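What follows is a single structure, and I will ask about it in a moment.
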């Protein structure tokens, strides 16, 4: 457990700059500051300088006037990108080109060309590029992968991954295809990662606007089932919905020739209450509550990778593969037919 | 609970004849004889008279030389059909035409025409016709439906039903499309039943022969994911596999606008063992082990329906609806595209 | 599973007479009639003949004017005693002396002298004598014992058994010491049975009237913790309360040198509901709901033992051992000190 | 959640010195350094200066030649005491007298006189004194208490708390009465805390040396059941064992007039594996693994209490109350009878 291990390397924490002072950026900043011994937050930038200034003030770190300024700061060894999605790829390229280690929230890019460009920039600069697929760092998901690697369930045949968000705050603010590009991209990565060595071949989408039907005409899909075929034969579903009444729900199930492994839970803790009404327990309400340890571990991994100048556990290539599935989903949703997944280079 | 309730009506159990002395017929016979107070098994028939004779001898009931003989026996008030699948529809017609109450194992028919014929025969004769969708009688599935009826989860948006059998004994003996017509038909009925008032509109199938790949050329599919769109917007998956290493696995999940309900378990009992290896528990290995109480309840319902001359809880019309989905799946599996579900009359 | 096994022996069910037409007698009658293939209920008696007549009428069996008349009936092969507790021992002696197989609800006796007398009568007559410790026949309890026999948890060191009843209907109707003699006697048997080969040595009781404090002066204890030391070193607690708001609760836990095994559950089924309020599930509300399969199995065992003229799985000697602990508890409750458990012959 | 909340107060972390560089001291140091934003570890001392030096070197903080030196350091605002048990009380007195906020690992003292002396010192100096009853900060235990405070289970009637350690490394190194003074003292605090407003009145102990019987003559007890009566009528058991094959096991159950609440789990995560052998999951192996979030929260609470100059959530008085139960247990273990719990002032 990183948090109880004191290696000499931790004595010189990696100096990290954060781009993006929104909800997730603030959460990342807090976790970096309070829980990641191997990293030290030294600066904050945002497309809106006043947001950066406010967060930097609270954190007592340097506020940058712009992302470029932060990237150019020689005091910054590594950059964590939690900016708005369309800016991701360019920021990755800029930070990598400046020789900084890069952590980018998912999705790293919205087109394969941008993804390839980002990966090429990091490869060219020889800097670590990690992408924010945090589920891989959750204890149960990591143990699921370990069980699969150990052959406990044989060859995957049927897989499932799902994401249900606790509420759709403002449908008007949700860009088209968000459900595939921002939400299910987590599930696509999880499915690829839990089916080691296999590639996604084709997808089929059934989706609808059931939470906010009035916004369907504006391109909003809030409920989707994706079926995926992998080149090792495994069949998978990825499922998402934007409004779970009981909270935040992320689970995975992999059934193979020798068994099944499941990860994910809906309960906040082991608390159970028994009353005249029956048995009950509290449910998880948000992503940070569910994944705070996973976020901690992914940033610890990032700091280690930067310090050790090595490839991190989640790469830009992984982001490219998950994106390719998301883009195929958009094609399938438009055509009503199956769509091929771009195989990459 | 039927088994602890002694109503006067139970004093005269319905006199039942069984057609089909195979594995499930024998199980049904035993349950009818030992656990269903409202029914009395009086005779057995089978396409192979020697099978009928052997079972009848063990049960000390009359052996019939043929299904027709059993149907014609005036001592038989009601007929339970557990014969080979292709014979189902004709036997339903024959029994109904003879004025007998009819219980038919799923699938009731393999074509819509046969299903319509069977339903028409029962309607014409005014006899109850029940089909063997036993999951509806399992305590947790019944409670799930009750919760949905009570509005606890709002309108269904995402549904899932799955069936995993513990082993594929002889792939050569499995007729083509079995996975849709015999296995997933249970899931199709469960999904229709857990989405009250809605109809299935279209399906899409991804399927393969992963358990016994050598038999794929002979038409065997042993692993399948079906995606279904309902006319109330709900999207569903139904999933099956013919070889679960850990046993028999049947589960359902319904996610709606106000919550989620789940049914099904993999554990045999509440036993939990903790050792140096961790925590463990035994898993269910077979359908009878999992569903013995459900089988008991479905036959109690059948006996009650016959005695009370009323429509049973699962009808021939329900069987027709589930069959229509299965047939659409075959079409989708062949075309690689979505297929429409026959809406019926 | 007895219910799906058709052995030739079942063709001639054991002819059983029931003494006791109260709540549990009626439940037993129904289970015997509807679910136990190896037994056939042929008569009912009760200290109040009108109760016997009413139940016999509903069941269409013979009503006896008295327990003696039923015992004397040559058509009765075996007797199930569910009469009032003080009558148990004499009825066991009478039935055994008449050469009938005997099943007696717990407690078989209220004094060691009576218990010895009952055992001696059955031994002298060479008839099977079974006592109603139904927990042994619950699937999870039976699996727990099997795990212990297999050495999975090593030597028991810490044990726990508990009983919580769903409600105390009428405190005025509860005889003194009921909590030990009628309720915890189940737990004492369970602990003895789950610690094979060991004997209870001493007990210590803390108890009170917390549910119905006004009745404490009349000798009612409704809440108790018993600590027991066994001669193999194992320490155990047995715990009871007469008014569980959430229903009926029976559980056991055995911790040993190599692991732990637990049995018992509070949930009705695998149903789980997730709503804005969190996760919930229904709880078991009564003994028959929890133990119907166990009751079925214990009567199947009784019928088999009578038919096979062998010692049943639960004996009069077992009842004597559990009673000895209950009597030591009364002594401890009175003295406030530990009390020795009578070791028997 | 403290870790994601950035209050201005956190900008000036409390400067903490640690006394005790053993296993738990090292764990506390790491957690303080890496996860507690409100605290800053500035120095380490130990009765063995070389241990302090080694840990201080790894942590890059100041090594003190002695606990006294650390306490005297004006740079140290607050002291965390994780020294050997017999030294606790004197160190509390010394640190409090020096005007430092004090956190002391349990047990704070081994005699009531020492406990009173420690409390008086902190009260006299007007400094916060917190004791390391970490369970109160575990999410499920905290939620259990909240449910009790909310009246969800009514008045407690039956309670249970247990501790099972994963292994007894060296029986020869375990001082007599450790099971009560160091292990079960956690359970005594938990039971007091989960029965708000009530006091323990009397205890009864059954205990033995079952893990390491050869050491019984030297006074080692490794297996114990304690029964406790509270002045509100509630009856409780506290149970401990020094060698659980499956790992670390801490659980609590409170049954009241209106329901039951349970806390504690044995599983590492939500991971579940299903194979031919059945269902399984990994178990927790150590206290830090189980309680890392609780340790983090208790130190966050301590830092807040020091900063805000207020009484912390767990006080020296609480430690005194739990100790009084432990001392009564020793008396009961020696006498074989019940023992009264010292009521305090």
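Note that the chains are named A, B, C and D in the order they appear, and that numbering of residues resets to 1 at the start of each chain.
Just so we're on the same page, a residue touches a chain if its C-beta (ideal position, glycine included) is under 8 Å from a C-beta of that chain, and two chains touch if they have at least 3 such contacts.
Note that the structure is predicted; figures quoted are calculated from it, not measured.
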Remotest chain, chain A as reference, centres from CA atoms: C
Pair with more cross-chain C-beta pairs in contact, given A-D and A-C: A-D
For chain A paired with chain C, centre-to-centre distance based on mean C-alpha positions, whole Å: 56
Whole-Å gap between the CA centroids of chain A and chain D: 37
Shared-contact residues (touching 2 or more other chains) in chain B: 153, 245-246, 249, 258-260, 274-276, 282
Chain A residues within the chain C interface of the complex: 245-246, 249, 266-267, 274-283
Chain A-facing residues of chain B, complex: 153-155, 157-158, 160, 164, 204, 206-208, 210-211, 213, 223-225, 227, 229, 233-237, 239, 241, 243-246, 249, 255, 257-260, 336-338
Chain D contact footprint on chain A (complex, rising order): 1, 3-6, 8, 11, 27, 30-31, 33-37, 58-60, 138-140, 143-144, 147, 152-153, 258-265, 268-276, 282, 288-289, 292
